[in-house]
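Below you'll find the structures, each written out as structure tokens.
After this come two complexes, each holding chain A, first together with chain B and then together with chain C.
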Partner chain A sequence: MSTDTAAQAPAPHKEAHARNWKGLGWGFIVKLLLMMVVNAFGVAAIMSAWNARAWVILGVLVLFLVAADWVYFSRRLLPLKYVYPGLVFLLIFQVFAMGYTAYVATTNYGAGHNGSKQQAVDAALIQAEREVSGSATYPLAVVRDGETLGFAIGDDGAVMVGTEDQPLEETGGTLDDSGRPTAVDGWEIVPRGDLLSDQALAKQVTDLRVPVSDDANEGSLRTREGSTAKIYRSSMVWDPDADTLTDTDSGVVYSPNDRGTFVGDDGSSLPTGWYVSVGFENFTKAVTDPNYAKPLLRITAWTFAFAFLTVATSFLLGLFFALIFNDDRVRGQKTLRTLFILPYTFISFLTALVWRGMLNAEFGIINDWFFFGADIDWLGDPWLARLSVIMVNLWLGYPYWFLICTGALQSLSSETLEAAKIDGAGRWRQFRSITFPLLLVSTAPLAIASFAFNFNNFNIIFMLTDGGPNFDDTSIPLGATDLLITAIYQISGVQGGRADYGLASALSIVVFVVVGIVSALAFRQTKKLEEI
Partner chain B sequence: MATDAPAPSKDARRNATRRKRWWAEVGWKYPFAALVIFYAAFPLVFVLSASLDERGSLASASKLFSSISLTNYQELNDTLFWTWMGNSLVIGVAAAVGAVLMGAAAAYAFSRFRFKGRRSSLTGLLILQMFPQTLAFVAIFLLLISLGEVIPSLGINSKIALICVYLGTALGANTFLMYGFFNSIPAEMDEAAKIDGASHAQIFWGMIIPLVRPILAVVGLLAFIAAFNDYILARVVLVSQENWTLAIGMYNWVSDQLTARWGIFSAGAVIAATPILVLFLSLQKLIVGGLTSGSVKG
Partner chain C sequence: MRNTIGKVAVVATSVALLAACSSGTTEETTSPEASASETAAAGIDATGLSLTVWVDENRQPAVEAAAASFEEETGATVELVQKNFDDLRSDFLSQVPTGEGPDITIGAHDWLGAFVTDGVVNTVDLGANASSFSQVAVDAVTYDGQIYGMPYSTEAIALIQNTDLVGEDAPATWDDMIQAGLDSGADRPFCINTAGETGDGYTMYPLQTSFGAPVFVQEGGSYTSEVGMGGEAGEAFAQWLSDNGEKGEGYLSTTIDYATNNELFNSGKCAYTIQGPWALGDFADVNFKVNPVPSAGGETAAPFVGVQTFYVSSQSENALLANEFLTNYIATPEAMQALYDADPRLPAYEGVDTSSAAFPEAIEGFQASADQGVPMPSIPEMGSVWDYWNAAESKIIKGADPVKTWNKMITDLTAALEG
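What follows is the complex of A and B.
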């Protein structure tokens, strides 16, 4: 740390620092305080990463913290001082997230393959746990330390305590006559009455398993009622050297296969597996699996159609209004403009929900007001639902294009139009040959951005139709108005249902590529337009 | 006067043709405007009316303003609406402030300093911002699960984690918008301040920031609306009901019992939408300027 220079001032290099030194500026003090806070949090996070044995996170944390100190206490690296905070978030939550998506896309991560191999082994051991017949019964006290629950037992006059992560170990405390702990050092005893009255707590207690020792094969303590504990031992035995699980009851030996599943020699397999790399299987699954291929193809086509139609219709309607009302002879233009863009000021997720109500077949006002109370099932029929989605997005989107086109029209040079008028061009001709091309040049980049945005317009679809009505020729809950992004959301299973992170990520990558290509092509096209 | 009897009728005829022309060229635009306004406003009016409807169901809402009562608004107190509203506001404001500060700082660096890799970094940002973060929600979900085991406040079901996720887009989305604006402020002003002995930090906070306030307002509002509107990331990150944002909570109302809870939903929608509607209209000019320089909403 260089305390002899107010670090905020990059003093002219030719002068000696001492002559230029004005003492510690308050800016420096603020910076010092901020960095102290950052370092404190950083070190705390690094320590808990150490405790959790999360080495990758630990490494990244150290890297970011060292870089932060280096950037802010070095007198060079001036630009980085301004970019660094944003850069950290960008790297983690955008760049890394994209890279990780690509990685997950090549695995079978998802339901049944949800963690590491070690976790799968632990899960198998727990699942096969049975009460050891004839095992001793230990008098038990449920203890807590803040949020953490633990078991304390009396064992031959000694107090043993342990938690889910911490195997039993001896500790100080006192026992009553029946051998039940009455006080445990560092722990607070949960009164039995609490267990009886608090359902959630009781559930936590009956789910809790405290390992007897570090060796998982030794089993764990569990309780049914909260006052006595028994040892439960798994009927499975894990042999790390042979890489097999053996069921001691049935004698079946389970060994891992290359799909991330334990398969027994009798052909059965264990429900919990781990995720492994499957190469490009997810990508091929999307186009060959009959359950996915056809719906996904239709969804892709609809996604393109939706994005294009939405931009085209709202652009045209916005332009139409702009052309009509960009007229100085119309009074109260400002008020009119404000009223015209009302849909734009309404929060868009609410818009979709409101329209969902208005398009309701039975009670919706669209049927009531405009169709004489007919029971048109707007959101229940595939094509009507598609039409509704476009119409709602038109309502939502035209004000944007009205504003843009009004702005663009006002900035068109009136000289070219005058010249055209003198040359005898009619109004339609002026519009077609001059106004419209010029307008396209200035709005094309926005139209492309809007296309890319609507290509992934999750909210409007999800809130309005939930992607429905569902296709009837597939078991996967995808529907006629699903866009790729809502389909990905559905397939990923983050909201429930069968999770398939691998396939979802693979589809995300495909969309990334599509959006990238569209943007790149379009920006080149814009450059061409500008040259005209 | 009495001598030119035909004159008034000629005038009248001229007036008539003029009026006809006025109607053909300008006049029809007023009724047409009324039609457009009806198209733009009827859903909003419908929501307002439904929120005041005493019976509070979708079926009873189709007659506009048939009853005026505040029951729906009072019933909001029995729901988690205000918790969700609070969450949405906290998350939105935090994301907006973060986005403004980080975006402005980065734009300042790119606009005022000349350094190695400047052009390539700018191009990199331009490319990155094309890829929507929401598409990576699976990766973000898995990332937060791992992070939460180390730092619980950055795990699943944490509002702070969600804010951090939103801040991931701060640089990509906003730097460009601001960069152009920063460039429009003459560098000579910086030079003059530097000669007067101001440090780069003093120039940034004391001179540049006040001058670029309009663009800060736009970026802040857009970031706030983006966070307020987000469903997919919020739904993935926030698990328990008390942590939900409005987008999740109100979607649940409507997807559960659309017709029965319509009144409460409408009341909530009116409350949620009004502040943003007002903000948007008051910043309208700034936003339109910002929009034309390349950011999209809606």
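What follows is the complex of A and C.
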């Protein structure tokens, strides 16, 4: 590939690669092959998006693919060649996810407001259409006359036929042994094979209702699988022009309100709604509703405490061991270091579950081995549970810091320390004034990242205590070890099928802002460290 | 129940996923094997149409068998997508409205209320064999007078006793059981899973109903959204929990979770326990018998009966094909037998031969327990109950003031349901 910068560079003894370039070299072929693969996958993805009628995704895919080809086959966009893949991932996984969360936070998306308005209408119509009690099951043949579809049934040896507009009436024809019409005068029977193989026709048939008589209250024939029919009666009528649903039995007219619910003129409402924008309501609910605000405040305080204590304790313990094992007088350094890193290699949520068992008041080995079999209720007492969470997380977290600090210690220049020694500084003074500050330069950003991670450490809480023990004095089931993220999960109700994604998204954004601010402030502090 | 073993399941599946990364296919498509002559004979050629069915790991082989004959006769493809049972509900709720959902999913009947409220299920017709379905199963999939699912199995917890310790006779009351357990010399007369500190209202429910404190008030067979476990009956149950809890007799303890409970019973340290058919695999080392749960409060101890069912999506593009599949290929004795053989829970269909199960006698015991059970409420409000209910029971067992804790739970729960 040619580059402008290389071309402008002063010619060294050897010729620059760019000047050396004589047409399509290996690099170009490799690039071509790679881009062929990218294009192949891209086109395949575009085609499946086309099939799924996902126009937005299709548009984005086309855009990304065209941009990719342009970036990599143009000679001028060198920086973009490096940045582009990262940029695509950033857009998809960060910007889109954040934007979508922000969008959901302004809606009432959740249980009862789960789909579009049309789907809510569909649901209301489904729920209102009931089988007429005592309806027989009629053997059915679907018939057609040109474009008009109809149902023909055998009823007590007679052939009855009807269409959407024409109620059932007796007509000439023949029935087979099971009572199913095999020939209907003036109508052509649609073979069952056609019904099952033609999706559009099948939909027409399942949507078709043939009135039993002129009296609409007697109901109409309906088929589900195309070979039998039963009499159903719907009590709900949808008027698309007036945008209302009318209950024909009670006469109540349901019209849509701005909360995504059909409300009747008698004040009742239909169970199925659709999701609509509710502005900032979810945000205000989280801070003003006393049921949420009070426990959430306590949970926020604990979340900060947990994240800070976890980072502080595991950092200090890791540093302590790193200092000890960095001393050349320790024998078997490598083996010991490997052993120390072990907890770091376990899967954290499995570890948490194992600890849950070990901390069991009655059967756990912690009490049996270390506390003479006393029934210390590690996970049942609020403060002990908090202590347990921090201790378990310490066990999980310190190997990481041991690793980081060992690396950082080994990269410190021995000259500085020697100079300090010559100046007469003791061990403690050396550590306090030289080693520790220099260590902080490289570890502080990691500590901030670790803080942000532990702020949202869902696994350990969910698996170890499930947020419990619950508060006694709040009216929503949140507990003493709940972090904001587990509280959000609890409030979102995904587990119980009573989801409130809108509120959960709003809370997630609040947490994001909090973590962002804390991190930004902390990073600003670390700049000062670098001036040492 | 799923709440109880949810975490075990999460871990188990994660481990299984990790272990089986190489062999694990999340999506399995069974290719149509219909030859031209066969489809011509049936006169149906739905080649090119595809029915998507969500199943869990246990049910996949059975549905696959039913799908094979369907594919052979119609030429349509049945695409089985295997999912974690616990994910089916939330995935169905979130994906049907986007049009990405399946045509059919299996599921538990107590999800129905949420499905109806969110408009994601269609009604079904049980077809020509409707009378072969057990009444309790049909009632369970009926919501507001309409049938929304095709049931295929039921399940309920029951009393499991160690026959070497306490014989085969079913104890008549809680006190009889405890006495027999104490006489047997076992470490503990009785063990029950409380899901650790979390609490487990599901497993405790037969004992609660024996005090006449149902979770929701029932009217003419279906549940209302009025909380039914308050008042004197509820307080009596709370008091009983406390009396037998950690500060009382100690028969109930929050140190016992699902795995601990099963291990204690399997090692002969418990004479009695309450568990469901899914736990039998854990009891390989003891001789046991399954009986109905004895009454603690005087009334019948009625466990929750859960029903497993097929649901049809309200947004299915292939509604006709989906109904054809269910009524003519699933609601048949052969398919129901295959479903039972694949996952031996109590069949919801008459005439299924239950002797193929690993523990045929145990199935009878669970059936006896289910016969005195009540359907698990399928109203959407039930989803809000668990957290409050489990936590209150856990606290009372740990020694909190029973009546006060119980009544606060009722107040908070009622407020949450109204809000």
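Everything that follows uses one rule, which is that the second predicted complex is superposed on the first by the 338 of 532 C-alpha atoms of A that agree within 3 Å, B and C clash if a C-alpha of one lies under 4 Å from a C-alpha of the other, contacts with A are read in each partner's own complex, and residues count from 1 in each chain.
By our rule, contacts are C-beta pairs under 8 Å (C-beta built on N, C-alpha and C of every residue); 3 or more make two chains touch, one makes a residue touch a chain.
Just so we're clear, the structure is a prediction, and the values are computed from it rather than from any experiment.
Novice: Just checking: does A:D239 make contact with chain B only, chain C only, both, or neither of them? Give me first, second, both or neither.
Specialist: Neither partner.
Novice: For A:D466, select first, second, both or neither according to whether it touches chain B, chain C, the two together, or no partner.
Specialist: A:D466: touches chain B and chain C.
Novice: Go through the superposed model and pick first if A:V104 touches only chain B, second if only chain C, both, or neither.
Specialist: A:V104 contacts chain B only, not chain C.
Novice: With both structures fitted on chain A, tell me whether chain B or chain C touches more of chain A's residues.
Specialist: Counted on chain A, the partner with more touching residues turns out to be B.
Novice: A:P271 contacts which: chain B (first), chain C (second), both, neither?
Specialist: So A:P271 only meets chain C here.
Novice: Taking the superposition as given, does A:V494 touch the first partner, chain B, the second, chain C, both, or neither?
Specialist: A:V494 contacts both chain B and chain C.
Novice: Between chain B (first) and chain C (second), which does A:I57 come into contact with in this model arrangement: first, second, both, or neither?
Specialist: first
Novice: Using the touch definition from the top, say if A:L350 reaches chain B (first), chain C (second), both or neither.
Specialist: Both partners, chain B and chain C.
Novice: First (chain B), second (chain C), both or neither: which does A:N360 touch?
Specialist: Both partners, chain B and chain C.
Novice: Both chain B and chain C contact which residues of chain A?
Specialist: On chain A, the residues that contact chain B in one structure and chain C in the other are 347, 349-350, 353, 356-357, 360, 362-363, 463, 466, 494-495.
Novice: Please output the residues of chain A touching chain B within their complex, sorted ascending.
Specialist: Where chain A meets chain B, its residues are 6, 8-10, 25, 27, 45, 48-49, 52, 54, 57, 78-83, 85-87, 89-90, 92-98, 100-101, 104, 109, 321, 324-325, 327, 329-330, 336, 338-351, 353-358, 360, 362-365, 368-369, 395-397, 399-400, 403-404, 407-408, 445-446, 449-450, 452-453, 456, 458-459, 462-463, 466, 485, 488-489, 492, 494-495, 501, 504-505, 508, 511-512, 515-516, 519.
Novice: Which of the residues in chain B end up touching chain A in this complex?
Specialist: It is residues 25-26, 29-30, 32-33, 36-37, 39-41, 43-44, 46-47, 57-59, 61-62, 101-103, 105-106, 108-110, 113, 115, 118, 121, 127-128, 130-143, 146-147, 149-151, 164-165, 167-172, 175, 199-202, 204, 225, 228-229, 231-232, 235-236, 247, 250-251, 254-255, 258-259, 262, 265-266, 269, 272-273, 276-277, 280-281, 284, 288, 291-292, 294-298 of chain B that touch chain A.
Novice: Which positions of chain A touch chain C when the two form their complex?
Specialist: Interface residues on chain A, with respect to chain C: 111-112, 114-116, 119-120, 122-124, 126-127, 129-131, 137, 191-193, 195-197, 199, 202-203, 205-206, 224-228, 230, 271-272, 291, 347, 349-350, 353, 356-357, 360-363, 377, 379-380, 463, 465-466, 468-470, 472, 475-477, 479, 490, 493-499.
Novice: Where on chain C is chain A touching in the complex?
Specialist: Counting only chain C, the residues touching chain A are 3, 6-7, 11, 14-15, 42-49, 74-76, 89-90, 93-94, 96-97, 111, 114, 116-120, 122-125, 127-128, 144-146, 196-198, 253-257, 259-260, 314-315, 317-321, 323-324, 327-328, 380, 383-384, 386-388, 391, 394-395, 398, 400, 411-412, 415-416, 419.
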